[in-house]
Each structure stands twice: as C-alpha cells, then as structure tokens.
Amino acid sequence: MIVILKQNTDQMQLDRLITWLKNSGVDVHTSVGQSQTILGLIGNTQHIDIDLISQLDIVEDVRRVQEPYKNANRKFHPNDTVIKVNENVSIGGGNLTLIAGPCSVESEEQICAIAEAVKKSGATMLRGGAYKPRTSPYSFQGLRTEGLRLLSLAKQHTGLPIVTEIMDISQLDGFGDVDVIQVGARNMQNFELLKALGTTRKPILLKRGLSSTYEELLMSAEYIMAGGNDQVMLCERGIRTFETYTRNTLDVAAIPVLKQLSHLPVIIDPSHSAGKSALVDPLSCAAVAAGADGLIIEVHNDPAHALCDGPQSIKPEVFDALAKKLAVIKGAISK
Amino acid sequence: MIVILKQNTDQMQLDRLITWLKNSGVDVHTSVGQSQTILGLIGNTQHIDIDLISQLDIVEDVRRVQEPYKNANRKFHPNDTVIKVNENVSIGGGNLTLIAGPCSVESEEQICAIAEAVKKSGATMLRGGAYKPRTSPYSFQGLRTEGLRLLSLAKQHTGLPIVTEIMDISQLDGFGDVDVIQVGARNMQNFELLKALGTTRKPILLKRGLSSTYEELLMSAEYIMAGGNDQVMLCERGIRTFETYTRNTLDVAAIPVLKQLSHLPVIIDPSHSAGKSALVDPLSCAAVAAGADGLIIEVHNDPAHALCDGPQSIKPEVFDALAKKLAVIKGAISK
Amino acid sequence: MIVILKQNTDQMQLDRLITWLKNSGVDVHTSVGQSQTILGLIGNTQHIDIDLISQLDIVEDVRRVQEPYKNANRKFHPNDTVIKVNENVSIGGGNLTLIAGPCSVESEEQICAIAEAVKKSGATMLRGGAYKPRTSPYSFQGLRTEGLRLLSLAKQHTGLPIVTEIMDISQLDGFGDVDVIQVGARNMQNFELLKALGTTRKPILLKRGLSSTYEELLMSAEYIMAGGNDQVMLCERGIRTFETYTRNTLDVAAIPVLKQLSHLPVIIDPSHSAGKSALVDPLSCAAVAAGADGLIIEVHNDPAHALCDGPQSIKPEVFDALAKKLAVIKGAISK
Amino acid sequence: MIVILKQNTDQMQLDRLITWLKNSGVDVHTSVGQSQTILGLIGNTQHIDIDLISQLDIVEDVRRVQEPYKNANRKFHPNDTVIKVNENVSIGGGNLTLIAGPCSVESEEQICAIAEAVKKSGATMLRGGAYKPRTSPYSFQGLRTEGLRLLSLAKQHTGLPIVTEIMDISQLDGFGDVDVIQVGARNMQNFELLKALGTTRKPILLKRGLSSTYEELLMSAEYIMAGGNDQVMLCERGIRTFETYTRNTLDVAAIPVLKQLSHLPVIIDPSHSAGKSALVDPLSCAAVAAGADGLIIEVHNDPAHALCDGPQSIKPEVFDALAKKLAVIKGAISK
C-alpha cells in the first residue's frame, strides 16, 4: 500500500501516522522528495483500512498495491480450480462445458424435451429458471418451488445435473437437488446471500453485476470462499454501457483477465449479453475463442411461446449446429 | 404500444397477429406505408408481453408508449405524495427534510452525540448504519442488532425518527422501532426483499442502483407499492460512469425528472455521490437548488475514527453551516 | 416515424400538425385511443426534422422507425462491400485481412524490419503512425511528414499497402502514397474532416469513438459516403465503460451487429481495445470467431523501446503464432 | 511516480532500471517488502514515459502521483484565472456570467432580437452557432461564414461580445471579430485544432468531451496553454452514461472538482446537458449553487421554428425569470 502525502506535511502528524502504521504491523518506507513525500507500506496490509488513512488531513491519496482478494487470487493458488459437479461433469481445467436450457421452466413436457435435445447436442448441464428476477412486478415471476420440482424430474430423466437461480436465502432449503446454484447479476452484491452460500458445499455460478468491476466480482467470490465454499464459477453476462442497441455489452476481455487474476473457471452467458437470439452464435464463438471454460445458453423448443426473455433464446437445432462449431474453435485454440 | 413490422410481411401471419392482439383486449390501428407497416395498439397494453411479440418472425421492433409503472406514475396521481413519518416530520410537499448521522453506528456515546448535534442544526431524522454492505468480506460489517438497539436509544434520547438499511428479509423482525427502512443501491433489484417490504406499512427509502435507469428505479418502487405500501421515497446517490475521480457521479437531473414522472418524494445522498467530504457542501447546494425534497448526509463527530466511509463524512460544525445555507437556497427557489 | 401526442390534445393544433406533415410529403395515419393518440408517418421521412416536431406543445415523443443512414444501410445494399486496396488485397467478402505494424513510425530501419516480419507472417497491409494523437502535449507527437516518407519506403520495400492516421484536413496533401486513410476514434465526429475525406477516392478506415453508438458510427460513415466515397471500413477499437482494468472494453458484438446493419467491412483493433499486450491474442481470436473481416494489430520489434503505446504491442514472433491460429478459427467458422 | 515491481524480481534487471531512472534525472527510493518491492520516483517525473516503464518485464504497475498537467494546475497557480473579455465582461473570480443566445444563427432579425432580449435579462455575452456539428450529414450544418457575419451585426447592435464554435482550423481566419472561440465536445481531443488555438490570443471555451475524464479535459486545456494561450474556460455540458432519458447526464460535481484541481473558470451548459427545455431551469440553479462561474444557455424567440436543437431551448421570458432566481442563489452561496 502506498500513502501519498500532501505538500508541506506537518512533521508531527507524519510521525504519529508512521508510528500508528508500524503498530498495525506493517513496515513503513519513507521517500522524501522536493514536492511530495510517499510512504510505502510493506507487509500484511490487508487489515489496514484505506478509508481511515485517506481521510487524514496530511494524506492526499492512498493506493493499494496488492489485490484485496486472497482466496480467489491466482497469485496464491497458481493452479486452475476444477469443479467436479458429478462423476461425468467437471468445469475448468481445459474442459469446455455447455450448459443449456430454457429461460423459465414452464412444464414437465417442456423442460424434459429441451433437456433431452440439448443433451443430444453435447450439453452436460441443464439450466432453467424457477425463481425469475423480473424488472416489473406485473411480469411472470417463475414457477418457483414447482419449477424446482420439474427441474428435478428433468434431471432424473436425462441424468443432466441442473443449475438454477436463487433469489433469497429463504429459498435455499428447496435447493437440495440442485447441483449448481446460480447467483444473478442483480444479487452479485447481496452480501447476506453470498455469506449464506458460503456455508453450503454446493458449486456456485456467480454472475457479474451489470456495472461491477472485475475486482468487485472477485470480492463477491471472496465472500463465498471466505465462508469455506471454494467451488465458485465466475460468469460474465454482459455489462451496462451507453450502447442500447444490444441489451448489454459482452465484455469478452473478462475471460482472459479473470483467468489471469483468478484460478476460478469462467463461464460466459451469450444469451443475456446481447438479448438477441441472432447474436448468440457469434458471441458464443467469440467466448470460446477467447478461452472461456463454458457457456450457459438459453434454448427453447418453441420460442414464440416462451414466457420470458424469448428474444434471446435459440432453437435446439441452432444450438446443435453451434455446439459443433464451438468444438472446432476449442480445438483450434487448444493446439 | 407500437409494433413495427418487417418489410414484405406475410399477410396471413399479420392477420393472425392482429386477431391475437384484439383478443388480448386492445384495439389495433394499422398504418400501411410503402416500405413499412406499423401497428398502433390502443387500450390497456400493460399485460401485453413485449418480449413475446418482439420475437415473432414478422416483427422488427416493439416500442412501449406508456410507462410500465402505474402506482408510482404521476399521470395517475397528479398530487405529490407526502410521507408523514411522525407528527413532526413530513417528507415531500414543499418541505426540505435533512436526514443526518454517521455512516455506521459505533457506540451509544457516538450515536447519541451525533444525533443531538445534527438535531440542533436542523436535521429532523437520524441516519446510521447497523447492517453495512461492504465490498470486502474482511471489512467491518456493522454492529447489526446491537446497532439497531443503539439507534433506538438515540431516538428515545432526541426524539428524532430513525432511518437505517435492511440487507435481508430475515432482518425485518428487528426493524420494529425503525421509522424509515432504507434499501441500499445494491439491493434495488432484490425483488424478494422489495416484495417483503411491500407488505409492511413503514416508509421505505429506496436508493437507485449504481447503473439503474429512472424507469428501473420506478419499477422497483412499483414492486413495493404493488404490495400495498405506497410510502416510498426515491433516493439518488450517484451513478457509476467512466469518471473515477469521484466515487460515483451525482445525477442531479434525476431530481426534476423523477418528480415529473412520479409523485414520490426525491431525496439526495451527497455523501455517497462523490465519496469525498469536500464535495458534500456543493452537491447538497446543487440538490436543493434543483428541487430535492430532502438530503441524507453522513455526519461524524470524529471522522478520523469512523469505521467505514470516513472520507465522505463531514463534521457537525460543517453540517451546521451547510444547513443554514441550504435554507436560503430553498427559499430562493420557492419564491 | 411515429408521433406520440400528449393526453387531451387540442384538436385545432392537431389538425395544423397533420396538414403540415402532409405538405411535407408524408402520409399520416392517426390512431386514436382512450388515453393516447398516435400518428404514424409513412413515406420518405428522412427530411422531417424530429427536433422540430418534438418541441411542439401537443407532442409527447417522436420515434424514428427507419435508420437515418442510407448509403451505409444494408437494407438498401444487401451485398457486402468489398474494398480493393490493390490487385492483391481486398477487404471484406469473406477474406480475413491482417493489418500489422508499429504504433509509431520511428526510423527506416524499424519500419522496414517490422514490415518484412509481418509480411512473412501473413499480414497483407502495413500500419504505422506518422501523426499521433496523444492525450498530453508533452508526449511524442509522431514523426509527421517524415513518418509518411518512411512508410512509403517500407511500402516500396515490401509491396505492402499502408494505412496511417490523418488528424487534420491540412495533412491530406501528404497522403498521396497512403493506401488507406485512418480516422482515429477521437476524430470520428470531426465532421469537417469526414466531409473532406468524402471528396477523396481513397479507402477510409473509420474508428468508432470511445463512446459512440453503432448508429453514430454509421452516420459518420454516411458523412464520407454522402460525399461520394463509398470505400469505408468500420473499425471497433474498444469503448469506454466503467471498467478501468483494461484501457477500453472491446465490444465484440459490434461485429455481427454492424455487419447486419451495414454492408461495410468490419475491422477490429485488439491492441487499443485492451491496452495490454497479453490480451491481444485472446481478443484477436474472439474477433475472428465473431466474424470480423480483418484485424489491425500493433507489432513492434523491440517493445521496450517503443516511443508510445508500448504496453499494447506484441513481438513479431507472437504475431506469427497468432496469425496461424486465426487462420484455423477463420476456417472453423466459415464451414 | 511509483513503480510496483513483480514478485521475485531479477536483481540485475532492477539495478539497470534504477540506473536508467537516475540518469533520467529523478531520485529513486526503494522499499523492499516480503512479497513486493516498490520504487518511489522523486523529482521532475513529467518527462518519464509511463508507457515505457510499464512494459518492462519486471514491472507490474506504474502509478503517477503528480497530475500530468502543469499550466492548468491550481497547485502551481493558486489564484483563480479571471478572463477579461472586454472592459465590461470578466469571467471567473466571483462573477456569475450568463452567456445566452440561439442554438443556430438563422437571420439578422432573429439573432438581433434574441441578443437584445437576453441582454435585458442580464446576459453579458451572446452565443450562437454559425458552424454546427450535426450527427447526420443531411441535417442543417449552419449558415457558416454568413452566420459569423450576422453575429458581428448583433455584437455591433447590442455591444455584447460573442462566443461561437469553431470546427476546423481552416475556419480560424473568419473568427477575427469573435470574442470567445468555442471548442465543441466532439473536438475536445482534436489536438491539431487545440494547438492552433494555442497560438491565438483569444479566450477559448473548451467543452468536455462526452466521455472525457476531468484529467483529459485538463490535458486538452494544457494543449492550448502550452502554446502560450492561457485564456481557457472549462465547460461541462453533460457526459454520456447508461441513462438515456436525458440526452446526457450533467456532472455537477465537475464544478467543485475542476475548480479545486485547476484555476480556470468553469462554465456549465444546462441546455445540452439534458436536451430538454424543462430541465434548463433546475440544472441552471444546481450549477450556480455548486459554484459555477457562468452558464451558457440556449434561448430562442420562437422555439417552434428553431432549425436545430429546438427541444433544449427556452424562451426569453423563461430566461428572464431564471436569471433573477440565479442571482438570488449566487447571493446565498457567496455569503
């Protein structure tokens, strides 16, 4: 950590600050220049409160040198985390995992038909919304517990492990048969929920908030991991920018950046990134080419009747063709 | 609602769409042009699913004409909502309400001293964090239930009603003595929490999310109001932009815009907007000049020892001088 | 174009508006509803001034249905534009064009060595900055006319056509030997420059502004094309968002979107997108996988001595390996 | 400047770097910690190339401590710059300057009538567009030289000094009678234009780019000042954010921040900030309350016939009432 002092610092105040810092357990190196004095704090600065120092009269700025996340940090865990969902499905470590399914679970017939279709095309996990975060209170809110029941049926039917979104801690009891719990973008900084998930031992698919930085995403992962659950996947699903033609802007650079900063697997959601079904194919190809560990894609057997998010779903036959192309791209970059 | 059709639309598909729309209870006016056909949907279009129509093969675009919020909409409630917190404190309707207090509740001595100080300067409500949303799991998370207890003591002591943040539904039971429940920016789209607050009869201070549009903020208010609780205040607290010199960017235009679109009171948080104590004064002045119904300001008796958010807190004497200036500005724009 | 009227419109004002619109040469279809009246304007609305109508007392909103760009619009030119730079190099139409070279031209030795190296690896065009837009007046501003002279030498030497940036109309005379003129992101809306380039018959590489929408980019292309020069390439080079870890955020969805809206070739600049050399490889792969017609990449033979933009340049051997991988990805998506 | 080294740095490379830095004329203070070594560069680091150092193998990050602008920096010029436009009009130093006039100059009658009206209401400078930057090549581009002629007539007529926008260096010859030259937001980083304006001795009104940071704005001012022209006013006119209800988002914090970082006057453009005439009043009040040195406001005598930007213009009588209110607010904050 670096503390930049204001010009013409009062020496007594400076001495007090240095003493206080040393008592906090860090070494302090002072660089005195003509117009500026800088303190370099060396040692374990994780418990030094930046805000506290920032507001001192003699301090102009404080900058962190080390990343504030530790469990999620590749520096301390050089090897990729591989998340074993079941004996057949592992995420990370060179695999390309395709997670597919409808936006919302609507009926047993629907979820089972889609599950079978995407399994045939190479998907190894089924997605489907039971609890649905909707901007409007007047929109369909999901089948909720009934949706979880139908997902379980589809899992029994096809053997595909299931991933579905949790919206509140109180729903956690119903997630016993869920293999991967998804935290939506709007809940990425619902810290009470993250803490609760840290006490479970289920893999978590953590979506990046609409305007969350890489560091904030990693800090939210850190919330889960600090609780003892290190099975976290990071999911980029488009960020909010000034461009409104697409619903969100897929930040494809998030893939190599997050994989460099962290050892956790990175999953891309091309469906929500753009909000247009015609863009799912090129964005999926881009994500795999950039090194994504997996994709989570909305597939619907009858888009014209989807209860929500229809415009971004693709049909099973489109998914099938896409899956084949993605395998070739994965091969190209793995050489 | 307007449906813009693709060029060279298939007439049979178009007829089917029109029949379906009419059966949904709306009138359809067709405008056929050389290169484009447009359908105007007239009547109660609130239950027409835009997503569903958007994805039809013959549809190029669908645009909503009416706002999707109803309870929060000034068109249907022309008069200002005035929220009566107690017999002395009413928010909205021409009042300028000053809410002040520390970022975090730290001790009985601290919260009572600040409460007394800000009351003397004209604050009519006390703020203070018991549950604290922090980016890092390693930062101070608030005194939690003990913080709520200390707030109650300060309320007894000074008579000031209290506003404090809720972070999870499970905390609601402890909020019995809280006068106004705050929903933080990160929870603005925690829809399960909003629904739960809609069933209470306590006033809610709803903070705008870091990258939430006016419409999304109003839709979140709508979630609470749809549950029967129409005591909602909207709070602008800075949005996230490309500029990083300030922590957030105060969107001062939100004040006249929200007051035009909605009848709900608009409160400004100048402390979190900028994240720098030196900016609290000019931003507060700007907010009042732009027509804000109130301000929520962080005040600390000893900023150097604040446990969080220190850089954005001002001292009681600064708050006192500010309060006097704000009264003059309020007078200037009320003439 | 759709005109949404305010509630309780004055009939006389409405009649006057309709008469005026019809006299402007468009048909007007009126849809009268319970709470809202909508006018659909049919015909050639390109010369109707939206701003003029928007400000009328009886008008609530005006929305354009047709895109405001015509020459750049794929609807009116369904086939891809292919730009023939010379008898060997054509951009668009299924080709993958690699443009490579240093950020700045520094010396004859430097530019010729890099030109030879990138040619060997498959680049078919040479890039290099003679005029350099720098944020600081104290930074190196490019070799200017001497830089253009050295680029010509490298062109003679290798046969590679050259692309370099223009910063002001007054520099145009010196661009006689330049094959493709680049307009930088900061000049995307330098309309006087765009008009001047519209009078030339040289291909233009038009970079998207840091916060320019797709439509604004296409309107800037329209400025050039309206002058009679239809040889325009669109270049996505990263947009400005809240994320500051990368210099800019590559908007990879721009590729399929721009290719759908327009018939012009789309080039990606992975070097400026991220501002970090380690990200050039994954972003290049992503761009090709998403369907880019070409890439413009900074390559430097001795990054440690680059005069500007060093962190985002890669070495020739890295470029060579990348070029091979890109060919395989291009093959995968072309099947 | 601070150089943060990678873990396990090679000692020989480090020694070479330190030697090189010392030869560049700066002192180097080394802080060696357990996991991180930091170099503090002390002295005149303005000519040290950050990019160059960043790309060295042993360097993790480089951070600037001092601002890169010097002429515009308040640290080196503590007193406010006051720009004397003529014997009656001075900008900065406690004055509140109102600049008003139409978006575009349209006719002698129009510009003279508006000039007289706004003068009566207290405006001390006349604005009006002769050269108009328009997104579409098909929109009205301004009366150009004829517009400049009409502005001169209005100046003769009323005695009001005039401010108008330049779009290209080639237009500069016609600006002899212009008192303040405006650089539009889209040209804020048109560095060749800034350099040319640096050689004039006319005051420059420099508008902030749509997505330019404070530092970038100040660096653009530095371009002009480095050429010897220190008569620069900074103008905030709304930035581009995710919110699209308003055309731009007025960043009101820019006022205190820019006045703290720099000694240059800060002018606010409330008309372009929001793009809606109803918001001109509250945004103007906010700007003055936050400490702006002046406002530049679009006023039109007949908004229904404005050739461009009509929705954001107000009528003279609205301007008159606003001017009175602003004087009271200015009084309130000056006490």
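Note that the chains are named A, B, C and D in the order they appear, and that numbering of residues resets to 1 at the start of each chain.
Going forward, a residue touches a chain if its C-beta (ideal position, glycine included) is under 8 Å from a C-beta of that chain, and two chains touch if they have at least 3 such contacts.
As the structure is a computational prediction, the values presented were derived from the model and not from experiment.
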Chain whose average C-alpha position is farthest from chain C's own: B
Between the pairs A-D and C-D, the one where more C-beta pairs touch: C-D
Rounded Å distance between chain B and chain D, as computed from the means of their C-alpha atoms: 31
Rounded Å distance between chain C and chain D, as computed from the means of their C-alpha atoms: 26
Inter-centroid spacing, chain D versus chain A (mean Cα positions, whole Å): 39
Contacts with 2+ other chains: residues of chain C: 211, 240-242, 244
Chain B - residues contacting chain C, complex: 2, 4, 7, 27, 29-36, 38, 40, 42-43, 61, 63, 65-66, 75, 211, 240-242, 244
Footprint of chain B on chain A - complex, ascending: 46-47, 49, 51-52, 54-56, 68, 133-139, 141, 167-171, 186-187, 189-193, 195, 210-211, 216, 219, 222-223, 226, 240, 277, 303-311
Contact footprint of chain D on chain B as seen in their complex: 211, 213-215, 239, 241-246, 249-253, 255-257, 260, 273-274, 278-279, 282-283, 285-291, 325, 328-329, 331-333, 335
